[in-house]
Structure formats: C-alpha cells, structure tokens
Amino acid sequence: MCRWMAWHGQPMLLEELLFKPEHGLVEQSLHSRMGAETTNGDGFGVGWYDDEPEPGAYRSVQPAWGDANLRHLAGHIRSPLFLSHVRATSGTPIQQTNCHPFHHQRWLFVHNGVIAGFHDLRRDLMLAVDPALFPHIQGSTDSEVLFYLALTQGLVDDPIAALERTLGIVEAVASSHGVEGAVQASIGVSDGERLWAVRYATSETPRTLFVSADVDAVRRQHPDRERLQMLSEGDRIVVSEPLVDLAGAWHELRPSSALAVDPDGTLHHRRFHPAAPAEHAWEPLTAA
Amino acid sequence: MCRWMAWHGQPMLLEELLFKPEHGLVEQSLHSRMGAETTNGDGFGVGWYDDEPEPGAYRSVQPAWGDANLRHLAGHIRSPLFLSHVRATSGTPIQQTNCHPFHHQRWLFVHNGVIAGFHDLRRDLMLAVDPALFPHIQGSTDSEVLFYLALTQGLVDDPIAALERTLGIVEAVASSHGVEGAVQASIGVSDGERLWAVRYATSETPRTLFVSADVDAVRRQHPDRERLQMLSEGDRIVVSEPLVDLAGAWHELRPSSALAVDPDGTLHHRRFHPAAPAEHAWEPLTAA
Amino acid sequence: MCRWMAWHGQPMLLEELLFKPEHGLVEQSLHSRMGAETTNGDGFGVGWYDDEPEPGAYRSVQPAWGDANLRHLAGHIRSPLFLSHVRATSGTPIQQTNCHPFHHQRWLFVHNGVIAGFHDLRRDLMLAVDPALFPHIQGSTDSEVLFYLALTQGLVDDPIAALERTLGIVEAVASSHGVEGAVQASIGVSDGERLWAVRYATSETPRTLFVSADVDAVRRQHPDRERLQMLSEGDRIVVSEPLVDLAGAWHELRPSSALAVDPDGTLHHRRFHPAAPAEHAWEPLTAA
Amino acid sequence: MCRWMAWHGQPMLLEELLFKPEHGLVEQSLHSRMGAETTNGDGFGVGWYDDEPEPGAYRSVQPAWGDANLRHLAGHIRSPLFLSHVRATSGTPIQQTNCHPFHHQRWLFVHNGVIAGFHDLRRDLMLAVDPALFPHIQGSTDSEVLFYLALTQGLVDDPIAALERTLGIVEAVASSHGVEGAVQASIGVSDGERLWAVRYATSETPRTLFVSADVDAVRRQHPDRERLQMLSEGDRIVVSEPLVDLAGAWHELRPSSALAVDPDGTLHHRRFHPAAPAEHAWEPLTAA
C-alpha cells in the first residue's frame, strides 16, 4: 500500500532524502514499519521540478533498494521540490505506467492507499473522467484514475476542493455498487510551486502523514546532528512515515485534514471532507 | 506494427518454429522484410495450449532476439496449438500488459495492425466493451480493446461474425470522429481447438497473412528438406510473413477474408466484411 | 541471503510447490521467517528436468511474488525434478546471470549463503577454475564461482567430494587473505537423476536445510490434509525453510552434513568436511 | 556492434543530441546506416559530468528508442561533457553491467567493436588486469575488460599510450591463441576535462569515427539551420556515425589514429599503434 515523501525547500540532491536518512524512503521500500504492507517492492518513482517547463520523472518496476540507476541518478539530480513513492501493489500489474508519481503538464501526484472494490468501480470512475483527459490514462491503478478525476474536478484551480469532489465521487460510485469504506488515502500533489497533502479515509483510520516541524527549533535541540544543521527555515518534508533521523521533529496530520505548503514554506492546514457530487439539475430543452 | 505466427498440428517444441526456421519469428523481430516496421523489438509473447484448463503464456518487454528466458522456454515447451507475436509499438508503452497474445479464459488473441486515431477513439471504444469485461483490460493498446470488444460481440459463439461486428463498431466510431481508414488488421484467435485468422483493412492493402499449403505436396517437392519431412498432413502454420524454410509452400489470404482451421487441420475460408452496428431504435418512453 | 527448494518425485506442476503451500517459496520471497534476510526480492529462478537433453530454466530479476510470467509458467510446467531459488543479494548486481540455479550441461546448482570477503577473494577463486570452464562464468556472484569450482573439482564424478574440495579451496584462499569464517552455505545440486544437498559453515551455524520425512507416515497422521494425500512414497522435498503445510514432517540436516536422494527417492546422508587442497608437490624438471 | 557519441562544450540538455537531430543516437539504435549491425537494441547508456565528484550514469537493457525513462531524463539532465552508447551485443548477455559507458572514479569509457575470439581470450585478458581492479569488473563484455586493462596500463596518466599498450596486449594474447584480426575498435574515453577517441583495427577497416568540423565555418555556411546557430566555437561532437543535421560538417578520423579534445575544445590528433608488451626480462634469482 505504498509509502511516499515530498521535499519543498532549498535545492537538494535526491539522495539526501532517499538514501541517506536512517529510515529514508529507500529503506522503507525494504522494511516499512508503519505501513499496512512491510515491503514496498513493486516499483518506485520520483518526480522533480527544475528549470524545464515540465517536471522530470524516473519510474521503475525494480524495487528501489536494488535499482542501480536510481542510486546514480539520486546522486546527481538536485531539486527544490520533488515527490517520491515506493509501491506495494494491491493487485494491479507491476509496470512503469502503474508507478507513481503520475504527471500531467506541471502536476505531479502520489497516493498511498486504495479504493475498495476498484475492480468493480473502475469503469464508472473512468467514465467520470473528462473525455479529453481519458486517453492520457496509461496504466491500470486506482491511483491514476484518482489523479485524472481530480484534474477533471479542477485540480489546477483549487487542488484541495478538487480532491474533495474527487473523493466524493468515489464514495458515491462505491455506495451505488454497495461497496463500503471506499477510500483509504494519503495523497501528495504539486504544481512545482506549492505542495498539498491530504489524509483521509471513509471509515477507517487513514494512512499516516507527517510534516516536518519548525526547523529552527529542531536545529537548536539537536546541535550535534549534522544533517539537521543543513536545513533552512523554509525547508519542509512531508512523509507517510517519519525519517528516524528527525525523530521528534514531526507533526502528524489529523485524519480528514489537508495541508498546503506555500512557495516560502509557510504551512496551512484545514479540515478535509469529500463533497457529494451535485445532483444533475434538469434544464429546459432548447434549440442549440 | 508487429508480426505473428500460429501453429496448429502435432505437438511441437516452440523453438522449432520460433528459432529454427531461416526466417522464423524471432529473426523477424530483428529484420522483418514485409512489415511496415522492419524492427519488431518492443516486446514479445507466446501463448500455448496444453492439458491445463487455460492456456499458458509468456510475455516479455525485451526484444525476442535477446531474451534468454525465451530461448530456454522455447526449447522445453511443447504444444499442438500456439500463437506468438513480436511487437513494434505504434506509440503505447512497452509493458507486458501491452504484449500479445491477450488471453481470457480459453481464448488467445493476436493482432498486427493499428486503429487509426486510437487516442481519440479509445474512450468510446472502451465504453462499448461489456461492463463485466471492462475491468479485465489491463494495458493501453488498441489491440486489447479489439479483443474485449470481440468478446463483447460474441467471440465465444461465432468468432468471425463477432470480429465483423467488432470492426464494424470501430469503423462507425471512427467515422463519427472524422477518422478515415480506421482499421488495419491481421488477427489470429483460438479457443484451443480451432484457429481463426482475419485479413482486413478499411481502405488500404491490409497486412499480409499466409497459411501453409498442402503439406504432403510440399514434402514430395522438397525431399531433401529435413524440417519439412517431419510435418504431418494436418499440420498448419499461419503467419504474417512466410518462413523462408517453406518458400513456395504458402497460400496468401486475400484482403477482406477470413480463415478457419478445424481441429483436424481442415481449412475453410470466406469473405470478411465488417458489419455496421444496428441503429439504436427509438422506443416509446413508458414508466419503468 | 536467499532461500531455495528442490522437488524429487512424481511429475508435479511447479505451482504446487512454489505458490500453493502456505509458506511456499514465493511467499518466502516476501516474508522469510528463518533466513538472515527477511525479504528475498532480488531475483528468482527455477530449473527443471524433462525429456530434453538439458534442463529448462527461467530466471528473473523481478521479485518472485510479482512476476506475472512465473505465475503462468508455474501453472503449466510439470517436472519430476526441479530446483528453485529466491535471491537476496549480498551486494552483487541484480541481473539474470546472477540468479540461481546456475546450469552447465545436465547440472543445476543453487546456493544460499555467502563467501566472506568475496570481493577480495574473487580473482584467486576464478583462477582456480578450469580455464576451459572459465569463459562460461557469466555473472559476478560468489555462488556461480562455487559452481564452476565444483565442476573443476569433479562435480560430475562425485558431487559431494567435489564440493568438499571446493569449500576446502575457498577456506584456504580465504585464510591466505586473512579472511575468517569464509563459508556460509546450504547448497543443492542435481544431474537430473539424483539430488544432493550440503549444509556447512566454516565457523558459524550454517543456514538451515530440511528434507521431507517419510511420506507414508505423514499421510496417515494427517488424513484430512488434501495436499499431503497426493504425495507418493518416493517423493522428496528439500528446502532451506519448511513449508507450513507440512509442519512436523521434516528432518533437519545437521550442520556439516550432506544428503543424497537416489532416483527412487532413497535418502543417504554423511558427514561433510572441506578437504584441504593437496600441496603442490615438487617434480623433477625433465624434457617434455 | 554498437554506436556511440560524445559531447564536449557548452552545457547541453542530453536530448539535444540524443533525440532531436535527424539521425541522432536514439534513431541510430533503431536504424543505423553505417554500423555492422543495423539495429542497436541490446541496451543503452549515457554518462555525464556535472559538479559532483564522479560522473552520473544511466544504463538500461531496454532499446533506447522505447525507454520512457531515458526520454524524461534526457529532457532534464544538462551537461558540458557526456558520452552515450547504443549496444548490439556480439553474444554476451543483455544486462546493465554489460552496457556502456563503463565508469571508474572520474573515468568513462565507451567502445564500438569487438575482440575476436574473446570467449577463448577472456581468462588471459582478465589475468592481465591489476588484481586491485579485478573485483570491479561486474559484467562479461570484451569492452569492460578493455577498460580495466587500460586502467591497469596507466589510462589515468596517458590515456592514448595506455590504450596502445592495452591493444598491444590484446593482440599478443590473441596471437598466442592463434586468433587473427584481434581488435575492431572505436573507443571514447574521458576524465571529465578532456575527451579522447581512438579508431583502430588489427587488420580490417576499423569502425568509423567522426569529429565535428570548425563550428564557426559551419554556422556561416548554414545560416538557416537553427540548431547549428546555437553551437559555440569550442563545442565538439565525436560520433561513430554522423548526425544528418550536420551533414558536411564532419572530419572523419583516419584508421589507426587518435584524437584528443582539450578543455577549451582544441583538437589534437596523432597516429595510433598498439605497443607490443615488453618481453619479460630474465633477472638473477637472489634472496628477497
């Protein structure tokens, strides 16, 4: 059921966060402690922003811990904003097009969780995707459909509201199929400037989600920790499982809440509630 | 745009047809002579029937010519009926779920060709798939959608008629989108007993398709060709490009025609014409 | 550090032993309980004997649990004698040529364990390989070098004695480099007729190794266990970790011991001690 | 038998040279015109220099034309000095450790060509590698052994002289095995500051090798070619096959010659002759 992390701050080599922390994402691929699955070996991906118009991406079906290319790339790619994901499939094939992050134009999207009964809901959910976006769906995961539903629902204009409508649609479609507990989700999304994250589940405790605490206070508390000293005040890390290196330095997001990170690192949070999709109103039938 | 072959006859090691002929399918993956693309290096697949309830399958994203596993498997798997395919993508990702043959229960399906403008038609074509079959679509190719459309249209009951309806639907959907020359197809399909093949294109010369000629006559003509002497009378090979080993021993299927191979090897052929889907009749609106 | 299993008995579908037991090898790839590493996700391999002159093989760098081809093949390949292996690398690359079983002519070889300090010993050990065999080494593992050393030392004539000489050479070379505790090994080897296994470590407790107990007694004890009832008297399973399905039905091999399974399933065991390589005797220099 | 290219000049996105030219390296992977093999689909690699102490590298067993990650990476990695290679195997396995460029500390190495009879010479050539370097050999190609032989022979101090000694050793070892026409080679090597290239064959016409001509003159001749106008005076491209975009703008290296590109782009060339390794002189046997 996956693990993910996002970095928002000073330009940073990917390896500083993927490989070097004691309990970094690559180690989590082999031994996650908090996830529903302890091994996340069904694929890896990282997407990063730089000066190019669209984000870069590297997605691989190899387990992150054993991917020689990833190790090289992580030591050479430097970015102020990136999202990375290790996958444990809930049944869909292990292939690059099923690896996160999913990307569309400037947007990157990662998801840890599952849509219950997705096999049965898939057709109805894909039909709810904007027909102009439909052909861009390349894989077969629930997560990619969530992303394209969110784009359909206005992700570009108001990401959190769009995700509320998206999960509202999923819950409504699930309900119409008699599926309970439809959504399990910790979601990360970015446009290259801001970073948003959501923690939500229809009826269970949702997957965990943490954001790094005030960096300045952490640095003062741990003057002997070299990696912490290199952090700047606006640097933010959002993770589904804390990095041991920074134990005690995390805020846990409450269930049913959303987080936004501004370009300068300022944090905002608010409640998150899926929105029931509006009834289709009747309109008078007039000539075109 | 792919190449494929099918074997129907005495139990045969896969390598006898994939690797050993002078211009066998694996060599065609590297140097096809008649295909639209000369290199078919974007994946490989073979499906075979044996005593198990469903056919076996091996599909790989590696080029056939360099796949060490394929070489081993082809020297150990023996089957009286198998279909094999080398892929040259027309744009969809290189992943196992996009490799042929596609399989569903007892059925195997291979396709050489393309649906013009598939990117734009994909949603409408997927909507025409039986909702119960929809979630089984795992990849993103036009070919897999053709297979599930054909299953929707009754492939199990009458394969050729179902394919006529399937291509009729594709041409109708294409026409409604202003796409011309919708279908390019040489198709092979089997249920483990019989083998069917279709050669058809909406407006161009369709991909080639050949069936092996009367084996007895071929053996007498070429008494010095060892591989030919091991063929039995009911053995049939259907190929998109002739194997050099058997030059002069092939019947070319006419455009817009279909072929059927009976369990005993008897050949049938008939004209093939896509069937326009029935108009949706107007019905009186009454209370449910 | 890997897990492996071998089957010797009636012809059996691979999936009966790889996938169906409660704690079969594929599940061990994800959650091993007794191995030094709990995840064995760095490659998979199976080699099997049939009527062809050399054994078949399928080796993959994907984790066994997620390999769609393995699932298909295991449901279609039936063999009276096969060896299978899940890998956890101790540092060498994840590539097919580093996956077990290694094969040479009729021989298959699997290894769970490690040669300490292999990086430093590799050159000397490769030099001890018969120059005629040297170019057949395709990968970079300690295990493959062990196999070619054993072939050099007479594996074909007396497998256990050859393995004693092989590990003797390894311990001598290690000693000359100041490396202690050179060998950790549970080894399986077969020529298609017989099966041999060794459990040995230079100075620690060696990796575990088990052979199935008297099948007849097991069947009588568990009349309600369907899978056990299908076993015949000469059927033998050798595993590095017991299958839960057959709990209580295993003999554990003692450290420093070897096992042989005759063609009819008869078991033999004896002590196993690496043989110090003979000193190179001085000989008079005479004309050739 | 491969194709390669190297860039030395202003920082450049990889895609500008790999994907965008009419006959760029990725297109050459599918349709080479001058190589001994027309398809180079057995792996790809690129190594690049940036501000990190060692070069970055991405190597893949997928054909370059179909590698989705390569397409993304090439659009985001910018470097003033990189070497890239498409592979057509002469028999060794298709695996990342057999893909070029090979790297060791600051050094990158690519090779188009073959050592005749390498299967038989491999052991002797590997024995000639410095024992301290031996364990770094991870793959099974002739090319990687050439690289480690060259490092053994002083590549770091004088690359061209080291390559002359290296090929001299290969020719001597081949001769002792009765192998004729031992070397076919176009080689590229860099330390991140300079770039060297060699064109040599023992007895046949060696693989082709070209260096871009005076950029200033080319720009004036083709004022309408946008891509040419962005080139600066010190920019250099070395290729095994010319890019169509720059037709008429290439110098072909003579057989048996070497090229050096200075940090400022200045070109040097000289004759290249393998050096017979010094006879092992007899020395008096005295106490140590």
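Each chain carries a letter (A, B, C and D) given by its place in the written order, and its residues are counted from 1.
Operating definition for what follows: contacts are C-beta pairs under 8 Å (C-beta built on N, C-alpha and C of every residue); 3 or more make two chains touch, one makes a residue touch a chain.
Here is each chain with its UniProt name: A, B, C, D = Class II glutamine amidotransferase.
Quick caveat: nothing in here was measured; it's all calculated off a predicted structure.
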*Connected chain clusters in the absence of chain C*: one piece
*For the copies chain C and chain D, give the interface type as same if over half of its residue numbers appear on both sides, and as different if under half do.*
same
_Nearest whole angstrom, what separates the Cα centre of chain B from the Cα centre of chain C?_
41
*Please set out, as single numbers or ranges, the residues of chain B touching at least two other chains.*
68, 93, 96
*asked:* If we count contacts the way the header does, which residues on chain A are in touch with chain B in the complex?
replied: 92-93, 95-97, 119-120, 122-123, 126-127, 131, 134-135, 137-140
*State the interface residues of chain C toward chain A in the complex, per the touch definition above.*
30-31, 38-39, 41-42, 61-63, 66, 68, 89, 93-94
_Residue ranges of chain C touching chain B (in the complex, touch as defined)_ = 48, 50, 52, 54, 56-60, 68-69, 72-73, 75-77, 96
